[in-house]
Each structure stands twice: as C-alpha cells, then as structure tokens.
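In the two complexes below, chain A is the common chain; its partner is chain B in one and chain C in the other.
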Partner chain A sequence: MIPFLLRRSLHLIPTLIGISLISFFLMQLAPGGPVDQIADMNPHVTPEAKARIRSDLGLDRPIPAQYVSWVKRMAFLDFGTSFTDGRPVIRKISERLPATILLNILSIGLMILLALPIGWLSAIRANSLFDKAMTVLVFVGFSMPTYALALWLMILFGLNLGWLPISGWSSLNFIEVPLWRKALDIAQHLIMPTLVLGLTSLAGLSRYARNSLLEVIHQDYIRAARAKGLSFRRVYGVHAARNALIPMVTLVGLMLPDIIGGGVIIETIFAYPGIGRLGYEAIMTRDYNLIMALTVISAALTVLGNFLADALYAYADPRIRYK
Partner chain B sequence: MSQTSLLLEGRGLSKAFPIEGGVFRHQVGSVQALRDVSFRISKGETLAVVGGSGCGKSTLARIISGLLPPDAGTLQWDGQSMAGWRRLDRARRIQMIFQDPFASLNPKLSIGTQLREVVRLAGATAAEERGRCEQLLKSVGLSGDALSHYPFQFSGGQRQRIAIARALAMKPALLIADEPLSALDVTIQAHILELLKELKKTYALTVLFISHDLAVVDSFADRVIVLQNGGVVEEGPVDTLLSCPRHAHTRALLDAVPRIPD
Partner chain C sequence: MLSLYLERFKRNRLAAAGLAIIVLLTLGAALAPALCPQDPTAQNLTQRLQGPSAQHWMGTDDLGRDVFSRLLTGTRVSLSVGFVAVGIALGVGTCLGLLAGFFGGRTDTFIMRWVDIMLSIPTLFLILAVLAFLGPNIYNVMIIIGLTSWPGLTRMVRGECLSVREREYVHAARLSGVSTPRLLFVHILPNVIAPILVSATLGVGGAILTESALSFLGLGVQPPMPSWGNILTIGKDYLHIAWWLSVFPACAILITVLAFNLLGEGLRDVLDPRT
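Now for the complex of A and B:
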C-alpha cells in the first residue's frame, strides 16, 4: 500500500508541471490583457503609460522568465494582488471559499443521498417500473440546463410563492440578527442552489451506481453468498457493496475539481458569493493573477481528487493493499 | 434403489428467461431454459447431469439451490414440499460449487471472512469459529494460514478447494457441483475429482454433478440424466447409459469426448 502510494505520488510531479505549463501558456494566448482592460476604460491612457504599467506588472519580460518567476511564487502560494482592486488574491479567494465549500458539501451530499438509493433500488429491481421511471427522471435532470431549472425554481419559490430568497447567501439585515437567525437565513438562501446543483448532477452517479451493482449481483460470488444462506443485508451490504460501492466513492473523488468550475453558472444566477462567480468576474476583467490562482487551485484539486480516488481504490483492492 | 431412500425429487420444472430489446428494454421474446424437467436423487447417490452448452444445466442447479424461482414445477425434499422453505432452510441442506473458482470467491473479502460467516450461520460459537474454519480447510487439503489471505493469492485449484470448503461448512446433505472441473488444468482436475470422491465418502454426501465430460461422469456418477434444449432426453444408470445410449443426442455427446478405454 505505502509503496503504491509513494509511486503514485511521484506521478503527481510531471502532472503538476504539465498543468502549470499549459495553463500559463494558454493564458498568454488569450486575447486582451489586463493593460488593455485598464486602457479601454480610460481614453487618456497614453501608449507610454501603458508601457509603464506593463513593466510595473512585469509583463514586458520574456515569457519563459515570467513563467519561471510565476512558478516560484506559486510554490509558496504567493498569488500576487488582484489587478482590479489591488487586494491580495489569496484574500479575495479565501473570502469566497466558505460559501462555495458549504454549497458543494450540501449539493454533493444531496446527490449521494439520492443517487445511491435510486441506483441500488434500480439495480435490485432492474427493468421494473421504478427503474424505468427513475431512468427517465434522472435523464430529464441531466439534460435540463442548470440555468433553466434555477430560473423555474426562482419563479416558483421566490416570486410566486415567496417562500425563499432568490439571490445572495444572506439577507440585508444579516449583521443585526442573532446567531440562530443568521444560520436560518443562510440555510434559506442555500436551498435552491443546492437543489439545482444536486438534482442536475444526479444522473451520472445514480446510473453508475445502478450499473455497477447490476454487474456485481450477477457474479458467481454473489450467487455463492446467497447460496450460503446469508441474509439479504449481508449479501448486498457486504458482499456486493465491497465490490460495487468503492468505484463510486472514487467517482466522487473525481468531482472535487467541479467545486470551482461547476458553480460558475449557478453562482452567477443566484448572485451567490462563491468561487465560481469570482472566477467569472476575474475572466471578464482579465484579472490575470486571480485567474491564474483559480486555475492553479482547480488543477491542484483535480490532481488531489485523482490521487484520493486512486488511493481509495487501492485500499479497497486487496491485491494492492497486501503487496 | 428403494423408494424410502429418495432424497430430492423435482417434478415438471420449467424456466423461461425473457429476451429484452429495443430502446425501452421491453420483452421481445424468451428462452426456454428448462422445460418440464423431472428427476429423482436418492440418498448417497451421485446423479450426473450432462448436456451441451446452454441446455439448461446451470439453470437446473440454480433452481434446486434456490437462486432462481422456477416458472412451474415442484421440488420435494424427503417427501416434503420445499415451497415454503427459507434461504437458510435450503442452505442447511443444499450447497453448491460453481464452475469458475475465479468468479465464485469474493475478491474483496479474505478467505477467513468468507468462511467464518457460513460457519457462524451453521451454528458455531465465536470460540469454535476459527477451529472449525481450519478444520474445513484441512479437509480440502489446505492449511489454516489461508484464512488471512485473499482469493487473488491462490491458484485455480486452491480456489476450488476453498469453494468446496465453503460449501461443506453448512454440512449439507446435497452438494451441487456445477462443472466444478472445467475451468481447471487437466492435472488439477484429477486432484479435485479425487477430493470430491473422498469428501463424498467421509461426509456421506449426495451429489448432483453437472458435467459435459463423460469420462469423469463414468468414474464418479451412479446415474445420469441427459438434457437437450432444456428437456430430459435420456436417463439411466451410468453403465447402461454410457455403453448403449438410446438417444441420438447422448450418442453425439459420447462421440464428442475422446475416451480412453480402460
């Protein structure tokens, strides 16, 4: 197990280098730069002033040199300051992080809570009415654009019924109210974004759960477990789960990077103060440092998610665990 | 065989599987895997079920061991209907060995876990568990060290021994062996067959032995039923059936096997 993990973590190094190279140079290729952004806004900026800003920001140096100094700073988590308001990038990100993490924990939790039972019941009752109905429902959720579902929910619960707030993650009087009201307030704001993210991402995991269990329950070792006289719970909860559940946990590990990228649309629609919207704003204003920081974090999460998925898979596989 | 020694009798067993197709996976037809199969097994005898691939042998085995409900037909154990039997009632009397020992052991659980759970069901106390598992392994020619190991650490022959030990843990009266040799190397086949013969004697087992190897059937079974397309086409004592087969299908099966005269 330990040698496997060590070997696996060595793979991380070239992956990280590759990601850093690609994201840095893609950024160079993208049209428009931070200086154009500032200059476009203000017709009085002369070419000389533009050049001075460029050199202040270090953008006039050769690109490989820029890459090396950027990687050095990244290694120490020094993401620089935002071009739009001069505040440290790391501060801007950490302000937005709690909202995003909360939303993701809830929506991923909701997804798992729904997907596993749906997938498993569908497999155990394969091709039953329940299975077919769930197939249809889950694919409706999958094909529905997140913004459409978000807007419908907003119209229904926000406007027509007036039950739920439709934007932000806290009300205007947030600072004045006692703690329990604060928690309630945030909870109310979270319901709709959580529902939208959870329901639209249900399809993959529930289908995966169904198919992986279906595959497992037709194996001879499950027949053998049943023939042994074991209880239903032992057969499905231990014999089948050991084999069918583990690949699913790894699937969840691979969703980790979605925390940043997946929320862009939903956070923008609900004016939710999370990382996704921050990234969207950063791109619209060509805020290099901020974009690069988010790219790096997103890449790191991808790599980390992959690594965790592999480690878990290895742990569940006796062939690797006992080598 | 006298009437009183009858252990298991199947009457008119039938089973069809749906064939599904189309976008919404609706039924487009069905395979008749078993049609009106009747058989009798007396206590202590070995009944062989032979037939070509897909003739319904495994389906019959699964129905008897309760893994599949039949569409029609009845099973009688010692003169009593098995209709109301629960999983455990059946497991205490009927156990099964599968064809592919690489598929029939759970790859994610240790041999100890897989044996202990049956031993416990069979009524062993926590203190007896380990000793009972070791004894089972010993009876199939393996050491107790196997308990802490996982299936991937064993060869095909060893796995089949473990599967046999697992089946014996319930102290069944009837052992169903569904082509237990055909996934193994020829030399290993001989060892496992010897083991089965020996265990049959020590545990006074009644055996339902599914095979397409008539040489093996000849040396192991007392009586044979021949299946074709889900139906019984011939039945009889092994000597008469193999020396003068009446049905064309039995002759075809015999011709397909290179037999060494003894």
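Now for the complex of A and C:
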C-alpha cells in the first residue's frame, strides 16, 4: 500500500506545476494586463500612476520572473491581496471554504445514496419498467439546466409553499438563537442547493453503476454462488455489488471538477457564501489575485480528491496496487 | 453491417425520438428567419410581459419582444455553439489521442499529463474567467468551450488506439511502407470512430448546456442577440409574474440536450457490441 501511495503522490508534482502554469497564464490573456482593466474606468489615472501601480505589483518584470515569485509566495499560502477590498486573498477564501466543502460533501453523499441503489435495481431488473423509467428520469436530470431547476425549486418551496429559505446559508437572527437552532437554520438553507447539485449530477454515476453491475452479473463466479445455494440477496447485494461498485470511487473523484464548477452557478443563484460565488464575484470584478488563487486552490482540491479516491480504491481492491 | 446497425437503431425508440427532435431543431434553426412570426429583436413597449396568446404564442418579454421568435432564433445560437465547440474538441482531442496512443513513450506521457491537468481544473470556472478577460461573445464561447472539452475524448481515443495499433493489419500496412499520417488517419482512425461518434453526440448536449449557463450568467451570448440562456436571465427577474419567460426557454434547453443525450446513448448501444 505504501509504495503505491508514494508512486501515486509523485504523479501529483507535474500536475500541480501544470495547474499553476495554466492559472498564471490565464491572467496574461487580459488585454493590457490587470492595471489597464482596473484603471481604464477612471479618467483621473495618469500614465505615470499606471506605471507606478504596475511596478508596485511587480508587473513590470519579465513574465517568467513574475511566475517564479508568484509560485514562491504561493508555497507559503500568500496569494496577495484582493483588488476590490485590499484584504488578503487567502483570508477571503478560507472564510468561504467551509461552506463549499459542506455543500459538496452533502451533495456528493446524496448523489451516491441515490445513484448506487438506482443503478443496482436497474441492473437486477434490466429492461423492466423500473429500469426504463429510471433511465428516462436520470437523463432528464442530466439534461436539465441546473439554474432553471434551482429557480423552480425556489418558486415552489420558497415562495409558494414558504417551507424553505431561498438564499444565503443563515437567517438574520442567526447570532441570537441557541446552537441547535443554528444547526437547524443552516440545514434548512442547505436543502435546496444540495438537492439541485446532487440530482443533476447523479446520471453518470447511476448509468455507470448499472452497466458495471450488468457485466459482473453474467460472470461465472456469480452463477457459482447462486448454484451453491446462496440467497439472491447475498449474491447480488454482496458478491456482485462489491466488485461492480468499488470502481465507482474513482468515478466520483473524476466528477469533482464538474461539481465544484457547478457550484459557481448554484452558489450564485442561492447567494450561498461559498468559494463558487466568491469566484463569480471575482470574475465579474476582474479580481486577478483572487481568480488565480481560486483556480489553483479548487484544482488542487480536485487533485487531492482524486488522490484520496485512488487510495481508497487501492485499499478496497488490492489488485490495483500492483498494476 | 450498416443494415444491422440500422435495424438495431430502429428498435431503440428513445434514440430515434432524439434523432427526430434534432432534425426538427436543425430545420427550425436553418429556416428561423423565414419561420419567425415577428422580428426577434423588435421592441414594443406597449406589449410588455403579455402572456401566451394567438398573436404571441409564447408571450412577450420585458421589452415587448416576441418570445417564440426569440426562442427560435436562439436555436441557431445553441446548435451552432454545440456543433462548432464539439468540432474543435473533436479535432484537438482525436489528434492528440491518436498521437499519444500511437507513439507512446514521452509523447504519450506528456499529452496524458496535460489531460490530467485539464481534467482537474473546474472547467466552468476556467471558461468564465477566460471569457471575462477576452470579452464575452458567441465566437469566444464556441472556441473556449471547444478548447476545454477535449481531454476526455483524448483519453478515450488513446485507449482505443493502443489496442488497434497492435492489430495485424496495422503491422502489415506499416511494413508495406504506408506513411505515418496515412496510417493514423486512414487505417487507425476508422476503427476508433464509433466511440468518438458517441462522445461527440453527448458532447453537443454538454456544450449547449454550458453555453446556456454562460449566457444565463451574463458571460455568454450578449443581448440583443437572443440565446436560450439570456432569455432565462430576463425570466429570472419576472419569475413570479411571467412564468412563460422562464418555462419555455428552460424546456427548449432540456428537450434539446435530452435529445442529444438519448441519441448518444442509442448510438453507444448500436455501435458497441459489448453492452
């Protein structure tokens, strides 16, 4: 197990370097660079002032030198300050990160809890009415524009029925209520974003689970297990499910970037204080340091998630370790 | 062979329905200027936010423009973004995949490392950031969606190419002196085309969905050019008084993307004998 993990973590290094390169050169795309984008709106900014800002930010140095010093500072988690309010970028991100991690864990949990049973039942009763209905339903969820679903849920549960709050992640009286009411309050705010993110991303996983299980079911060892008299439940619920569903761990890892990216839309619509909405605000205000930091951090989180998924997979299935 | 595929395809009613919808939409998009009952950008402020009626089949928006005409014109935007973006992704993804699978070694490692990197960056965020800097318009949207959606395809083409290149007919072709580009594109490519076709079809649906999300967030197709996403942006502000402004465009997106996904899945069943 240890050699596998070491080998796998060596792979992380070039990936992380590549991510930092992309994030850095993303910023070189802007015509005129950051200074023009900030200063062009203000007619009082003289060319000399622009040059001063440029040298203050170190933007007058050669691009490779800028890249190296940016990476060096990043190693100490120094991502510079935000252009909009001058606060350290890392502080702004760390305030928002817990909310996003909570939302992502819940929606991935919901997705797995729904996708695996749906995939399992569909495979056991392949081509039944249930299988067909689920195929169509899952595809509808997959093809649904997430923001439209979010808007309709807001209308239904937020406005018409009035059951759930439609924005933010806490109510106005949050600070004065006791702890259990605080937890309840956050939970209520999380229901709709979790539903939307979970339901719209479950298609891939449940289809994959179904097909993978279908392949396993027709193998000899399953027939042998049935022949020696093991119960239906034990054979399909344990023997088949274990082999078919363990590879799903990697798939969930691969879905992370889509889920984090989808968070940009969902968090913006629900005014949810996570890094997705922070990213949207950063993009809209051309907040360079914040955008670069968010690209790097969200990609690094994905890489970490994939690493964990692979480690988990290797732990569950020893064959993987010796490939 | 082809008749066998056709036979299998006909039995898959969902996929056939998907194809029918796509054909209809393409026709609608091509003939949109002739079919539009009204000018999609003509404002009529006395007719603001009218519900569906005989005159305005899907009502009017906040500036009195005919929603049906805008939706129909938006079909052109969505389909052209879908097809062009997938075309770009196909070109880049197939070439890189063939190169990685065929040459192996360092080329393979280098290309696959980039695939890993691209697959770990949240794509939507990357697209939004690039659009914010380059300026949002329909051409940038097509190009950027295309340039960010090739990695999955590359990985798949590489895998297929790895197994095909060991087949005897490839060795035979190489021994008889066929040049490398010809070997790649004439001899190997046709044998990996089936999975490429499937993921291209699914890709069109994905690209349309992404475009609509970008336009919804204000960084895609810019008004007054109508797109399903930016009609929905207006609909969002009038959700409680004008349902037709959000329901019709959302259904248009849903039905179109669903059609491409069902067709893609159907093609997979037809072309892939393993499942």
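Everything below uses one rule, namely that the second predicted complex is superposed on the first by the 301 of 323 C-alpha atoms of A that agree within 3 Å, B and C clash if a C-alpha of one lies under 4 Å from a C-alpha of the other, contacts with A are read in each partner's own complex, and residues count from 1 in each chain.
The working rule: contacts are C-beta pairs under 8 Å (C-beta built on N, C-alpha and C of every residue); 3 or more make two chains touch, one makes a residue touch a chain.
Predicted model, so just to flag it, every value in this text is computed and none were measured.
Within the superposed three-chain model, A:I260 lies in touch with chain C and out of touch with chain B [touch as defined at top].
With both structures placed on the common chain, the touch criterion links A:R223 to chain B but leaves chain C unconnected.
Contacts of A:P318 after superposition on the shared chain: chain B is touched, whereas chain C is not.
Of the two partner chains, chain B is the only one touched by A:N127; chain C is not.
Once chain A of one complex is fitted onto chain A of the other, the partner contacts of A:T15 are limited to chain C, with no touch recorded for chain B. Shared-chain residue A:S171: touches no atom of chain B or chain C. Of the two partner chains, neither chain B nor chain C is touched by A:Q188. Considering which of chain B and chain C touches more of chain A, the answer is C. In the superposed model, A:H239 lies in contact with chain B only, and not with chain C. Listing the residues of chain A that touch chain B in their complex gives 127, 132, 219-221, 223-231, 234, 238-239, 242-243, 246, 316-319, 322. Note for the complex: chain C touches chain A at residues 14, 113-114, 116-117, 119-126, 128-130, 132-134, 205, 209, 212-213, 216-217, 219, 229, 232, 235-236, 239-240, 246, 250, 253-254, 257-258, 261-262, 265, 275.
Residues 11, 14-15, 18-19, 22, 26-27, 29-31, 37, 135-136, 139-140, 142-148, 151-152, 154-155, 159, 211, 214, 254, 257-258, 260-262, 264-265, 268, 276, 279-280, 283-284, 286, 291, 294-295, 298-299, 302-303, 306 of chain A are the ones touching chain C in the complex. Remark: chain B residues 20, 24-25, 62, 65-67, 87-88, 90-92, 94-96, 98-100, 103-110, 117-118, 121, 150, 152-153, 163, 166, 169-170 touch chain A in the complex.
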